[in-house]
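Shared between the two complexes below is chain A, which has chain B as its partner in the first and chain C in the second.
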Partner chain A sequence: MRTLWTYARTNVERTALILAAIVILLAIFGAWLAPFDPTQIDFRARLQAPSWEHLLGTDGSGRDVLSRLLHGAQITILSTLAVLSVVVVFGCAVGMFSAFVGGPIDNMLMRLADVWLGFPPLILALGFASALGASLEAAIWALIFSWWPNYARLTRMVTVDILSRKFIASADALGVPTHAKVTRYVIPNAFDVLIVQVTLDISAIMLAISGLSFIGVGAQIPMPEWGAMIADGRSYVANGWWIVLAPGLMIFLTAFSFNVIGDMLRRELDPTSRRRQP
Partner chain B sequence: MSYVVQRIAFSILSLFILLFVTFLLSQVVAGDPALIAAGPNAGAAKIAELRQQMGLDQPIFVQFGIYVGNILQGNLGTSWFTQQPIARDLMRELPPSLELVFLAMLINLAVSMPMGLLTARFAHTKFDDAVRLVVLAGAGLPVFWIAIILQQVVAGNWGILPIAGRLSFSNRDFSGATGFYLLDSLMQGNLNVFIDTLAHLALPAFALSLLFTAVGVRITRTSMINEFRKDYVTLARAKGAGEGRVMFRHVFANGATPALTVFGMQFGWMLGATVLVEEIFGRPGIGRYAIKAVTQSDIHAVVAVVFVVGVVFLIANLIVDMLVYALSPRKQRAG
Partner chain C sequence: MTEALFAMDDVTVALRSNGRKMVTGVGLSVKPGEAFGVVGESGSGKTLLTRTVFGLQDDAELVSGRVRFDGQLLPEQGYARAARKLLGGRIGFVPQDPFSSLNPTMRVGKQITEALYLARGMPMGAQRTKARAIEVLGEVGIPEPELAFNQFPDQFSGGMRQRIVFAIALAQEPKLLIADEPTTALDAITQRRVIELMLGRCRSHGMALILISHNLELLRQSVDRIAVLYGGQLHNITHADDIGSRTVHPYTEALFECIPSKEKTLADIRAIPGEPVGAGFGTKGCAFASRCRYAEPICRETQLPLNGDQPGRFSACLLGRGADA
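Entry: the complex of A and B
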């Protein structure tokens, strides 16, 4: 945490770090902070503009928008993490395997990854949703299915680079076994590149999940997922603009913050970006 | 030459994998197609007969062969919902979507190319930092959210552009040979319809282009910035070439190539992203068709959309790669 803060050079980067920290805290504690039940319908209180009782107003079914936003943070962050953790582990395993094996198998795996990257994730997710039934889980699986080749290719590239260095030749001469090479040399060296990519992907995956929920194949209304909230609020946008505005702003601010942090990490960690030193 | 053959072989391999994935998708869900085709009152003998006719008693590889054969003949199956051949549905829905994607791509290129070039030339200045910030913000915008806001504010409150649809009510009888209204109206010399089509396209195309433009600027900047470091640029400057000539004649011509490849991929992704905007702006198109098919559990229609978008993606990439190859001065060495 301290290190992250010292990386920040501009006020925008500091703000992004604070915002990201807030979103993560909301994902953990948001449910306790919420003043109302996020799914409690109250038709007498529907479409109320922001007030002291309902800070962000109420939606078309009289649910408190703020409470829904707070609960939604957890859904968004958890599903993004679910996608990323599976994708990183699986993608990296494939990438390292490919780099270590080399030859025609390596070639074939990477061609496969190239083809795979071609499927537009949103369309693929539609296919998945109709196969598994529309749900948040289906959307998560669809994104896992379409995202892993990114990491396979990246890890392979980094691993091939590491394996070509001199210290690997020395390790070979000493008879270091493969599993030790992976844990001692490859993973620590690949870590910086991966962490940059993961940070930048957080926003992309968040946007994809909320987009899928928006078109109705991800989280289902009344689940307080941010994309689903926008879909729900669309019908009331003429007399309840806050219902659409609030979750959209949350998605935007979170995605923007993680983009800024990812960009900052790339400057600080990635040796290939030769940014002049201050 | 060998590159061209290799590249086409890769496209065919990709097409094969695409076919396999869509085949698996349609297998997972379809239930028993013979049972559905036979209808609710059919006896066991009839169902068995149909099963044999449809090749369902064959091993899965044979079934895959039948599937590929059907698709090569342009038969994508029949929609459970519209009861129409899906291929015909898609021929109708594809032109409006492609029109939208073309325009969004045009916006993307018109912004990305110059901005990428300028930020690379003036890298690490205040200007570069400001553009970077805008780009990072753009890459965090939910497309569907910004589309709703644009529709409410620009079309609703300000009334500058039409709210939804493809044409105004007064032009409802317009039809053309290609289905691309921009093209049809020009061919018929109907400027009124052309402008009307463009006005209806403006907001959705802009909303669709935002995210892709943000990425486009970054990609162009990255590939240009490498060019500025190369020896020939130093040489050109040493020979006294003006900075404008260095930027456009030398750097842009060489640095555009890697960026072009990414723009080719973006084309297919944009077609996929139409699912986020078409519905909002009430436009017909493949995205809206896909959503409708999913909500109706019309599995074959959904799979067909996955397939067609995949094919468009493959074709766009093939064209771009061929273009890059044709433009590349280094091809003599490669061939």
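Entry: the complex of A and C
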């Protein structure tokens, strides 16, 4: 945590770190802070502007926007993490296997990954939605399905590079077995490159989930997912601007801060990107 | 005469991809506790030969020859696997470049304890392993070994890193240590110290050493016997003291004449005419014939004689120069 803070060179980066920390805290504790039930419909209190009772107002069905936002943080962040963790573990495993095995199997796996990347995630998500029924789970599966080749390719590239370095030859001369080479030689040396990609992908996946929810193939109303909240609120923009503004702003700020952090990590950790002075 | 610890006989190495023979008919043997040098110009095949013989080169293979270590003949089938099994325990291998030979993400101490563990095949207790690792760091001359144990490789200078590489290899207490140009990246004084360190280990532990270098003078001053490779052929095995004092193979002689020293005037330093021939040039006859001042037509045609795996002197010169007189 402290190292992360020392990487920050500009106020934008410091702000991004603080925002990201707040979002993560909200995802963990937000549900307890919420003053109302996020799905409680109250038609007497519909479309109320922000007030002391409803700090961010209420939506078209009288649900408290702040409570929905706080619960939504958890849903959005958790589903992003779900996608990321599966994609990173699976993609990295495929990539490392490919690099270690080499030869025609390596070639085959990588061409498969190339072809796979050709599927647009949106179309896949629509397909999943029609097969599984539109739900947050379908959106998560669709993203997992379309995202893993990125990691397979990246990890394969990094692993091939690491395996060609001299200390791997030394490890061979010492008799280090393959499993130890993976855990103690390849993963630690690939970590810097991967962490940058993961951070950048947090915002990309979050945007994708919200986007899918917005067009209706992801989270369904009344689930307080941020993208779904915007979709729900867009018909009230004229007389309830706060309904779309709050989740929109949250998506924007979260995506923004993780993007800035990713770029910052890339600058600090990735030896292949030139060091830019701010 | 003591039994040779390591011996190769008529070893030929070829590339896997096109079958081109890069190193042909090399025979040599190393006694326990002996410091043995292998010298050759860049591209003479010395690194390829050793890496292949110890199963570390994936793109080349042994196509003929026998290799024996510690009384055991290595099998032809699955040769590379069998050779690699000897590494990390009975044979230690020190690679060329100390700057990139250490895992940058692993603490120095951890890399030594890993080597210890791999050599013994069983844990000997965290405390004892650590104590032993610190001991080895001290043995190779790292100041404050307790501190060094928890540091990362990038916190050391080149000379210190090479010592750490040695510490890792020596921790496994090998009977034979192969050092491939271990000092090329180091300055002259550090070179000397690192070589002394290895020779000291030979004397104190009876470890055999194969030192591979392009620097004849460095080898002449440090090892007992030197094998001279040129163009993928073994040309000469000679006692280090003989170089410059008695007749040796014409190539060894020519190499020695290139070395500047106090006693020589500028006119005495003679470069070898012509361009060096790389390994795998693929004609019969002596690879050095094109540049040799003694060369006769027979040199270009006749197959070079082979050395058995007998310890001692050997000269492959077709004119008999440098053969035992």
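Methods note: the second predicted complex is superposed on the first by the 275 of 278 C-alpha atoms of A that agree within 3 Å, B and C clash if a C-alpha of one lies under 4 Å from a C-alpha of the other, contacts with A are read in each partner's own complex, and residues count from 1 in each chain.
Please note the rule applied: a residue touches a chain if its C-beta (ideal position, glycine included) is under 8 Å from a C-beta of that chain, and two chains touch if they have at least 3 such contacts.
Here the structure is a predicted model, which is why all the values come from computation and not from measurement.
Peer 1: State whether A:185 touches chain B only (first), chain C only (second), both chains, or neither.
Peer 2: Only chain C; A:185 stays clear of chain B.
Peer 1: Of the two partners chain B and chain C, which one touches more residues belonging to chain A?
Peer 2: Here the partner covering more residues of chain A is B.
Peer 1: Applying the touch criterion given at the start, work out whether A:89 contacts chain B, chain C, both or neither, answering first, second, both or neither.
Peer 2: In the superposition, A:89 contacts neither chain B nor chain C.
Peer 1: In the overlay, answer first, second, both or neither for which of chain B and chain C A:78 touches.
Peer 2: neither
Peer 1: On the A-aligned overlay, A:121 touches which partner chain: chain B = first, chain C = second, or both, or neither?
Peer 2: Only chain B is touched by A:121; chain C is not.
Peer 1: So in the superposed three-chain picture, is A:172 touching just chain B, just chain C, both, or none of them (first/second/both/neither)?
Peer 2: second
Peer 1: Overlap of the chain B and chain C footprints on chain A, residue-wise?
Peer 2: Comparing the two interfaces on chain A, one with chain B and one with chain C, no residues are shared.
Peer 1: In the complex of these two chains, what residues of chain A are touching chain B?
Peer 2: Its residues touching chain B are 10, 12, 111-112, 114-124, 126-131, 134, 203-204, 207, 210-211, 214-217, 227, 230, 234, 237-238, 241, 244-245, 247-248, 251-260, 263, 275-276.
Peer 1: For chain A, which residues are in contact with chain C within the complex?
Peer 2: So the residues of chain A in touch with chain C come to 165-167, 169-176, 180, 184-185, 188-189, 191.
Peer 1: Per the contact definition, I'd like the list of chain C residues that touch chain A in the complex.
Peer 2: 54, 56, 84-85, 87-89, 92-93, 95-97, 100-106, 114-115, 118-119, 165, 168-169, 172
Peer 1: Within the complex, which stretch of chain B touches chain A?
Peer 2: Those in contact with chain A are residues 10, 13-14, 17-18, 21-22, 25, 28-29, 124, 129, 132-133, 136-137, 139-146, 148-149, 152, 156, 211, 265, 268-269, 271-273, 275-276, 279-280, 290-291, 293-295, 297-299, 302-303, 305-306, 309-310, 313-314, 317.
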